[in-house]
Amino acid sequence: MAQVIRPYGDSWGDGQVQLSFTLPLPAGPRAREAAKRLAAQMGLDNVQIVHSKDLQGFTFFILYGSCRHGVDVSALSHVDEEERSMSFEEINAFIEEQIGRRIVVVGACTGTDAHTVGLDAIMNMKGYQGEYGLERYPMFETYNLGSQVPNEALLQKAVEVHADAVLVSQVVTQKDIHIKNLTELVELAEAEGLRHRLIMVVGGPRIDRALAAELGFDAGFGPGTTARDVAAFLAREVARRLERGE
Amino acid sequence: MAQVIRPYGDSWGDGQVQLSFTLPLPAGPRAREAAKRLAAQMGLDNVQIVHSKDLQGFTFFILYGSCRHGVDVSALSHVDEEERSMSFEEINAFIEEQIGRRIVVVGACTGTDAHTVGLDAIMNMKGYQGEYGLERYPMFETYNLGSQVPNEALLQKAVEVHADAVLVSQVVTQKDIHIKNLTELVELAEAEGLRHRLIMVVGGPRIDRALAAELGFDAGFGPGTTARDVAAFLAREVARRLERGE
Amino acid sequence: MVNELLKVDHHKVARARELAKQIALDIQREIEQVTTVAIERTVARLFGIDGTDGAGVPLPNVIVDQVDQAGQLHRGLAFWLANAVVALGKTPQEVAEACAQGLSICALEAQDPIRIEQVMQDCTRRAFQTIARQRQRREELKAELGTGSEPLKYVIVASGNIFEDVKQAQAAARHGADIIAVIRTTAQSLLDYVPYGTTTEGFGGTYATQANFRLMREALDEVSVELGRYIQLVNYCSGLCMPEIAAMGALERLDMMLNDAMYGILFRDINMDRTFADQHFSRMINAYAGIIINTGEDNYLTTADAYEKAHTVLASNFINEQLALQAGLRRWQLGLGHAFELDPKMTNGFLYEVAMAQTIRQIFPDAPLKYMPPTKHMTGDIFLGHVQNAMFNLASVLTGQSIHLLGMLTEAIHTPHLSDRILSLENARYIMENARDLGREIAFRPDGIIQKRSEEIVRETVEFLEQVAAMGLKGAISAGLFADIKRSPAGGKGRDGVVKKGLDYVNPIMDALQRELASAPAGKGGSFDGTGN
Amino acid sequence: MVNELLKVDHHKVARARELAKQIALDIQREIEQVTTVAIERTVARLFGIDGTDGAGVPLPNVIVDQVDQAGQLHRGLAFWLANAVVALGKTPQEVAEACAQGLSICALEAQDPIRIEQVMQDCTRRAFQTIARQRQRREELKAELGTGSEPLKYVIVASGNIFEDVKQAQAAARHGADIIAVIRTTAQSLLDYVPYGTTTEGFGGTYATQANFRLMREALDEVSVELGRYIQLVNYCSGLCMPEIAAMGALERLDMMLNDAMYGILFRDINMDRTFADQHFSRMINAYAGIIINTGEDNYLTTADAYEKAHTVLASNFINEQLALQAGLRRWQLGLGHAFELDPKMTNGFLYEVAMAQTIRQIFPDAPLKYMPPTKHMTGDIFLGHVQNAMFNLASVLTGQSIHLLGMLTEAIHTPHLSDRILSLENARYIMENARDLGREIAFRPDGIIQKRSEEIVRETVEFLEQVAAMGLKGAISAGLFADIKRSPAGGKGRDGVVKKGLDYVNPIMDALQRELASAPAGKGGSFDGTGN
């Protein structure tokens, strides 16, 4: 049964949303009218321009309005909630029991990206937010290649150390450089016949599961991820593949 | 010729907008998916949820995305730019010459609204932002009825003093109380056969020309209005009506 | 403990208090001459009358209006009601219901004075027991759960629908709010009755009704236990029903009340005599109920210039203090109001704000000061507005304010959305933690801008109070000395409801309050002594 | 004039300077042994070589690579180039173009040393004339238009497209920005050449090219005149092309350069010897061009903990200062970097930030300190982020910082949109005006948190510098003492481009710089004297 929800401002179904954008028009009644029309096209009723600022040739707007659109919650049931998390000890025990050997991972910030903090947070001893990194897990063998690593070099290293998984970090996203770069990595892995042998994981502030899947990765991790989340996923995924006899 | 513009983030046509809203769903992958779908329905591509906050049973989202919609600027040419403004002296001189008598105005905050500061800013001696109020104009005769004035009382006073115009202020807008109240005023004026005799003006932070016209007013003034804007409008409008022989 | 960051001239402060006391005593003499329909309805309520007649008119109104129309209110409702109780052998509620059906109580025969007195004492005792129980319950809960650390974070809910308000209040508490105020609909303050039952319609706020009070207090009790922090509830004890709302709040365990001696006169054009009488009785009830009042001087700066008229705020704080002490409130109950309202474009505006806030802090060291956020100079620029609120948060923690109303980034747009409140709470939490001890770290230069501004405010306050004392408070209000608003003593709403007390006037509730307030010990969060501390 | 809000131990500061000087002198001895391909390309550029070959390789690279591959770079490019000019009767540009066509200049016969010397002197003089003219033009414009009041508001543009950047820079200037930095694309710092021409592609920034420099400087000159305020232009003088970019900036009248002695080693894994040599030559050029450098210590706190490692920032400031003075920069040119990067959740974090900023301010009273906004702890919560930036703005105006990089509410999301910059400018304008004189109003408690934190930072800095001095700077970097990053002396990019100077090495540009810098008087905004002031 359809169960449609709408944004909530201060009462059920009021549809209130806040919006801001800049239009390439000089400030004035025409720019205001354009802003209102745009908001109307976005499905907002009762549009209120609460602020506009002349940026010389451009106008910045802040608006509120009531969004006509709704989302049917019953249609979201296919979206998985997160898997139960496991503790450091549970994960190591799980790997020992179910897999019986260390999981090998190779990580890198690829392309021209030099933002290593996120990957280090997942891979290095020290970890992040009080959670140790993968390096600290007795049942993981880790190689952190650092920053600005070409896709070729990453795959080469993965082959060299018989990696179960590659962990890619992408932080710079301007003009969708990360999409380009990640797509290239998957294509390269496929071309080299490595794709099915590797669990491919991507992380970064603009990454989530949906995007990762779309780009052909096995998992994607966004802001706030800790090594434990990644370790649990890898442990389960390697076990699943063993079970399936891959 | 159609000339379509889109929002501008940091390059022409990138369509970037910022959006925030709350959904009545507990935080988690489903709420995120719902937020993305909603944004997609609003016409956003490349939706990035940059922040989400669990409000227990509700989730607050901040998103960025690229808006597919555009506005055809050539279709806005009918929107008038503002009339040339006049100075204090020009306005008084204009009225003396073109009308030859003082313009009589009655103002009030109607209904249960007690926000007098805006109306006072327009009507009282002191004015606003360094601009004198109408009371200071030699060619205006003003009656400021203050706050919480019933619509009936306002019209009665207008008849009593042979007003050219009524100035209504509406600040409280929750649940569209102002719309209800303003509509009632216009209907009342029509019922009493006063509508065509009076210039009806409304002002307030959520008022603009378009809304005023829609509700059947002759003019609407929003945030930042000064008495001079209103005086110039009234002077021209009374003159226009005289000319048309009304 | 208040940090003495400034030097404040104690002689000037003492002089200001003396003047304010004199001003308050002048008014007090007039207050004692009259009663009002609202005061009498309050007696009816505390005697147990509630509900409405068939037309929806609240029974306290039905019965008081009847006595008033009979020209008999000068004796006090209590007398007529107790007389009817004795005469008819009914409860006060039954008497009121009978009135709604046509009974004229002033037409009943006069009964035995001793039995009448007995009924009045019984009814009074029952009311006091309930209030005392609620007060004790609050004290227990506060002691058990604590109340958060100052500045206490205070947010409003104002959806117009009490059921939405409840959700939003709980969400706010879970995100760090210490105090929840339910803002009243724009229409209510000029109603000469209190609506009945739960309500779901309202503009710019939600009706204050006893049922709404109860619903919200229950919801907050629930969340208080969940959070291990006692969440305080506020409503508005002002307008034409001040003392009735005080009674309702006392019965339903509200913790704070907006309750100012002059707000109604200035901002709602309510008649002076009416407001002065009503505020006094309402404050006696608040005093006994252990409720903290919040005064409304912050409002002055929404109509008058915040720099030029800063001293009127401080002067009014002195007057409110003295009127409150005369009503039996203790210093720990005086949430005197002031505000961060300077034009954000002003060079060194922050320094002047700090000067004002710190000066008031030092002058009223025992008062749980209520500090109001920027409102007038907030615009639709929600981003800049959020930063203005940050500076306000900083001024508050720096100067050690007590009750801190969170500014909302959408102040200029709408009554707060659910998420606005959460963003504001995060803003406050960040600033107040990040600069937690700043006030203990610094000293102000003895010849600096802040010190000089403080001296100027204090000097102007004394001069202003001299002027008010000379004109009398009513004269000063007539002359537009407060908030740039003029009100005449003969004008204003609700004047009809002021009745001169007869020599035979009785008000057992007021008498009992007087006894209790004079005798009980004080002590923080609780009891009384005679010193006002 | 710096406010002395804190007591800073002058003995400790003197000791720190002494240690830093010793550390810098050690490195300086090594620097003097070598040249690099980048240094030689810089000579080529200053001799007038520009443009690319058919394959798009910049001609400075073509000619230097040829000499390098011939194993002849130890003599210096200037010698070979001048020799070719004499031999062929062509201009340096024509010589380079001929090289691109196959000419081998090291194979040309050796010419008359006097005529070679003559050519080198002529080319050097021409380059110096252009630079001096630009410098003088800047001084005139600054004198005529002024530069805004400190803290100077510095924003970045980084659309990737220089034509969009130009629009955005002008818009920012019109809304109050004093300084515009064009951020470089992520790919550029590891390129061993400087791209040619205007560019419209880039990620996280826009290519630094001479044509882009020129375009932006023209746009800013235009808007400077329009606004009556000289808008300063910044780019990045770091990576594998440090000195080339310095030369380009000198020719195109950039006003500031990000130019750090160690940033490339730590954050781009560039070889130590390469960076130390490159930074020295680039700084000599910046010194002569009257350019203010910005050092990059703020970056340390993006990888290391900002509280634990605060002293490494100050220690590095001392080292950067000494290396800069050795390169001929004057104190007014030293935009030493530090940052507001503590975790916003930290109780009293603001007090610690103020302690750090004020300590650095007092230790380097003549330096135009560069203060960086919160970045690491910014999240997608743009509302809270805007407030973090407000507190940063407050810390900056309170402690009298000079070059103030505006924090962006969208820091965690994207390189700034047009409107982000405007919102940030409004935030800064509000805070800096509203609390303009706060720093002159207060004193810190002598035994307070801020004073104690300051003492702790200074003490740890001296201890740290003792350690670095003992290990040598290269040893310290190898041990991961800065930014929690370890780099080995033998590793890093660009190592191949380091060449040991021969006994016959000549570099007429460097010689002339040395002469000029040693002899010229100093003086704010302009000229030099020998004292480094």
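Read from first to last, the chains carry the letters A, B, C and D; within each, the first residue is number 1.
Following the convention adopted for this analysis, a contact is a pair of C-beta atoms (placed from the backbone, for glycine too) under 8 Å apart; a residue touches a chain by one contact, two chains touch by 3 or more.
Keep in mind that what you see is a predicted model, and the values were worked out from it rather than measured.
When the interfaces A-C and B-C are ranked by C-beta pairs in contact, the top one is B-C.
With respect to chain A, maximal separation of chain centres occurs for C (centres as means of Cα atoms). For this pair, chain C with chain D, the centres built from the Cα atoms lie 60 Å apart. Rounded to a whole number, the gap between the C-alpha centres of chain A and chain C is 51 angstrom. The centroid of the Cα atoms in chain A and the matching centroid in chain D are 34 Å apart. Residues of chain C found to touch two or more other chains are 158, 160, 379-381, 383, 412-415, 417-418. Of all residues in chain B, those that touch two or more other chains are 8-9, 12, 16, 18, 20-22, 48-49, 53, 58. Chain contact summary for the complex, chain C toward chain B: residues 158, 160, 167, 170-171, 174-175, 185-187, 190, 203-204, 267-269, 302-303, 376, 379-380, 412-415, 417-419, 422.
Across the complex, chain A is touched by residues 158-161, 164, 168, 379-383, 412-418 of chain C. By the touch rule above, chain C contacts chain D in their complex via residues 344-351, 381, 383-384, 386-388, 390-391, 394, 409, 423, 426-427, 430-431, 433-438, 440-445, 448-450. Against chain D, in their complex, chain B makes its touches with residues 8-12, 16, 18, 48-51, 53, 62, 64. Residue ranges of chain A in contact with chain B, taken from their complex: 5, 7-9, 12, 16-25, 28-30, 32-34, 36-38, 41-44, 46, 48-49, 58, 67, 69-71, 73, 76, 79-82, 176, 206, 208-210.
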